[in-house]
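Look at the two complexes coming up: subunit A is in both, with subunit B in one and subunit C in the other.
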Partner chain A sequence: MTAVIAATHLSKWYGNVLGLNDVTLEIEAGITGLLGPNGAGKSTFMKLITGQMKPNIGTVTVRGRKVWNNPMIFAGIGFCPEHDVFYEDVTGWEFVTGLLRFYGYSGSDIKERAARALDIVELTKDKDRLIRGYSRGMRQRVKFAQAIAHDPEIIVLDEPLSGLDPLGKRKLIKLIKAFRDEGRTVLVSSHVLPEIEALTSRIVLVHQGKILAQGDIPYIRELIEAHPHMISVRSSDPRALAARFVGDRSIQKMSFAPDGRTLVVETHKRDDFFGRLTGAVLEGGIEVEEISSPDDNLQAVFEYLVGK
Partner chain B sequence: MATIREKGYSHWDGKLTERRFPWWPITRTGILLAFRKKRFKFVFAGSFVPAVVFLVGLYISERLEDFKAFLQGSDRLLNIDPNYFKTYFTNDSLLFLIVLVLGFAAAGLIADDLKHNSLQLYFSRPLRKKDYLLGKMSVIFFFVLILTAVPGLVLLIFKLIFVGSFKFFLDYPWLPLSILGYSALLTVFFAFYVLFLSSLSKNTRYVTILVFMIYIFSDILFGILSGIFHEPAMALFSIKANLQQAGAFLFGQKLPFAVPAGWSFLILAGICVLSAAVLNRKIRSVEVIK
Partner chain C sequence: MNARKSIGEIFGFFFFLGRRTGKARVFALLGLVPVILAIVVRVALHGRSGDMAAVFTEILMVFFLQFYIVILSLFYGTSVVAEEIEGRTLSYLITRPLPKPTIVLGKYAAYALLMFLMVAVSLSLSFFILNSGRLADPSLYLTFLSYLGVLGLGVLTYTAFFTFLGAVLKRAILVGLVFGFGWENVIQYFPGSTQKFSIVHYLKSLLPYRPTGGGGGRLALLLFKLEPTSPAVAVLMLAVIAGVFLALACWVFRTKEYLYEE
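Let's look at the complex of A and B:
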């Protein structure tokens, strides 16, 4: 499949500060989450994609065309920056229509597109209020509206959920997923793990300007061979269950959770363990209430990768 | 059931056509935002006072007999010739009013974008740096031309109307070019001057003060230095004096300072080149982390 966005050996530094270091990455249609702590290089990567900065080394292409110094490409890209970017003395309507004028639409087309975008983000009734009077959530939404108003194929969202209340977050997540379902490419950055998990399983982990890993969460988890998988099994008799695995060489460590009913196993061979667990349950008549993988989430993956 | 999605499907089907005047939305926004300031409307209206005074003077000059009692011998000032137009264009009050108008309307052109991080939004759209700068400059072109070329040409047209013949035009056929040329010089100079200062700070008030201070201080410096050295070349330190010198040259009149006009043109061009270099460095789409 052809990559929509492709970065090749991309590096960018600000004086002595390294923003991005030799990043090679391909992004396909759908939602891709860019995850990393503050200062990891997420925003730098997004700004390189949106042609706002020239890479020191490497190239970025969108649909095979170079991004830098090629502004016509941006007719198909919508960008929602992390921080507020408003003239406070304009209304939401003026903000969105003003930015739509750069695309060369006719007056009626601009009005129609602005109205549609503001309707999507549910700001229609507040569109004539000055942005100065907007709440944090409304500001976030009007920023999102300007990013989608020109109907772009690629939507780049830098920390779009920050500052939104839970309801606002849920609405925006729904909206972003709707764009994905239309076949668009959405690149979302966040340093908040649950936000990315709620949006997509396809993630790119960025840390100190480098890509630590990319793929879906279980795939990335598989990459971390140095760390055994942690599996929790809640059972009516966890000690009997543990006794069945004591001789198993694939098990690195076993312990009991403080509730006294959960056996926590660490193993490199997760699938083998599940096979044997099934056998133990069937043969030993041990009742299993719940099986979970506490480290099979993004938080754990991320902590492993950054070595915390 | 989850939606089955064809990942290769590309929704966007717009055309990648280049806009003819990509700078226009920036100009439009700049002009509209200037007129949104209440105080600016008064300043802008007041800045037409010199034009009205010179128009009245032009009218009186054609009706000297009717106004003889009021003029009391000062009718020699109402001799309508290229010098009259030069006086309109280079008088202290017009130049100061231009600075005043730009201080209100243009000081924030780049400073506000820097303050609000708006450059990221501009440059993630089909817009080049040169389009951005041209858009900002066009705001200044609008305000300066409306105070210079427009009244200058209106004065010329009214002169022809009041006289009722083209004799004045035939006597001075180059005058419209002088009007347009000097207006263009003022426009380009002030565009670079104000945008350069606007790119130095995120605080519009600070930029407004700088626009005034540098203009006025350069003139004060000229006064002090010429008082000490008694040397006409000290006029080159003054922005106002250089503009007046260039104006006198373009209108074919006696130079106000005994210095070659070329030097003033060089000084003004130097300021423009320096400003362009700074603007080129300062206008980046994103904040630079240090």
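Let's look at the complex of A and C:
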């Protein structure tokens, strides 16, 4: 497959702060997920490929054409910014139609496209309300509508699922997948692994301005599996519980939290541990009050991958 | 889409948007101040000579020329670029197939027209209320059109300058305030050619009357210490100032990378 978006040795810094560091990446048609904790460089990368920033070093091209100060390429790109910002004194309809004017469409075409986009994001009923009166979810959806209204071939979505309720997320995920099925290129960023996982199996892990890993979900999962998980189990009798796991080879380390009621377990095989824990609870009659995994988040995985 | 159409579309969007904002309402209300003053003066002058009306018309023109168009241009001109950065809405504009200079030019034109309409409504109401005793005099209308023309040129020139400031500086309003109400107010009273380093000098050179002997007489307030430039040169200078600063604003906006403050 040929790359739709190509970055070569791309670097960007803000004063002394490095935003992106020597990134070389090719993005093909379909959905690509850009995954990384806040401040990893995801938004910087997205701003570079949408011409909002100029690279300090390296090049970025879309369909082989440079991006910076090349406005004509934006006829085929839709961008949904991360920030919750709008021209607040307009309605959803005025916002979408207003921005569609910048593509040179006729009046009837603008109305048709705006109506379709707002219908897709299910805002038809509320299109004549001022954006300042929209809920967070509605604002997120109208932002998405303006990104797709001109039917772009490439859609760049910076944290599009943030602020949406579970139902809204599911709908948007379905919609993004529909764009993929039409052969379009979608680049989505998120700092939440399950969100990206629900969208695509093609993931780029970004951390501290660098690409840490890229590949499909199984590969990323493998990396995550290699990461020892900390699991806290609060119980009525944590020592009895610990006794049942002493001979378990999947457990690397056990300790007791200062409260005296919590057993902290470190394991590479989280799922196996949970299976055995269930057995121990049922067989031993030990009461478990709470199970939590303090480092079961993306930041911990990244820290593990960068060797912290 | 060609540049002219791009400018037209940007103009349309921001002219529409500009009318909706709270800022427009505030400045439109500010434009009512001279109207209220004109009503008060008119009532007070009832049955008295027309010369007093002319004097108060001068006072009104000082308000328009040295305050209203400056403050309007300062806030609208600097906002052409700065409001997009501060509001983080720039992403919506620069990810469209629009040449960047057309964004500046379209917004400049939209805001200039909006300001001109505010000025025109405020001036026409206050002027004709104040001079309601002379409505049959054709020269009154010529005077009005001259004033309106001068204020229109003022809006175009000041806005171009402040648009440039907004494109270059983060805190353009502060610098603009110093320029608009410091430099412009002081330098115009300097003798010789120094006063030509102000925009207001050229605007005043276009006012319809000249002082009669000794700096007194009609328009004494407005033309105090003025060593006028000829009207043709004044118009040319204003056009050059507006053109140069608009071109610079477009160039800066095209080449500069704007980062949102985190």
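What we mean here is this: the second predicted complex is superposed on the first by the 220 of 308 C-alpha atoms of A that agree within 3 Å, B and C clash if a C-alpha of one lies under 4 Å from a C-alpha of the other, contacts with A are read in each partner's own complex, and residues count from 1 in each chain.
As a working rule, a residue touches a chain if its C-beta (ideal position, glycine included) is under 8 Å from a C-beta of that chain, and two chains touch if they have at least 3 such contacts.
All values derive from a computational prediction rather than experimental measurement.
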Fit or clash between subunit C and subunit B when superposed on subunit A: clash
Contacts of A:291 with subunit B and subunit C, given as first, second, both or neither: neither
Which of subunit B and subunit C A:183 touches, first, second, both or neither: first
Touching partner for A:17 - first (subunit B), second (subunit C), both, neither: first
First (subunit B), second (subunit C), both or neither touched by A:29: first
First (subunit B), second (subunit C), both or neither touched by A:53: both
Subunit A residues touched by each partner, larger count belonging to subunit B or subunit C: B
First (subunit B), second (subunit C), both or neither touched by A:72: both
Which superposed partner A:153 touches (first subunit B, second subunit C, both, neither): first
Intersection of the subunit A residues that touch subunit B with those that touch subunit C: 14, 47, 50-53, 69, 71-75, 77, 79, 81, 83, 85-87, 89-90, 98-99, 101-104, 146
Residues of subunit A defined as touching subunit B within the complex: 1-2, 4, 14-15, 17, 19, 28-30, 47, 50-53, 69, 71-77, 79, 81, 83-90, 98-99, 101-104, 146, 150-154, 156, 180-184
Subunit C residues touching subunit A - in the complex, by the definition given at the top: 1, 5-6, 9-10, 12-13, 16-17, 20-22, 87-100, 254-255, 257, 259-260
Contact footprint of subunit C on subunit A as seen in their complex: 14, 47, 50-54, 69, 71-75, 77, 79, 81, 83, 85-87, 89-90, 94, 98-99, 101-104, 146
Partner subunit A, residues of subunit B touching it in the complex: 3, 5-12, 14, 16-20, 22, 24-25, 28-29, 33, 36, 112, 116-128, 284-286, 288-290
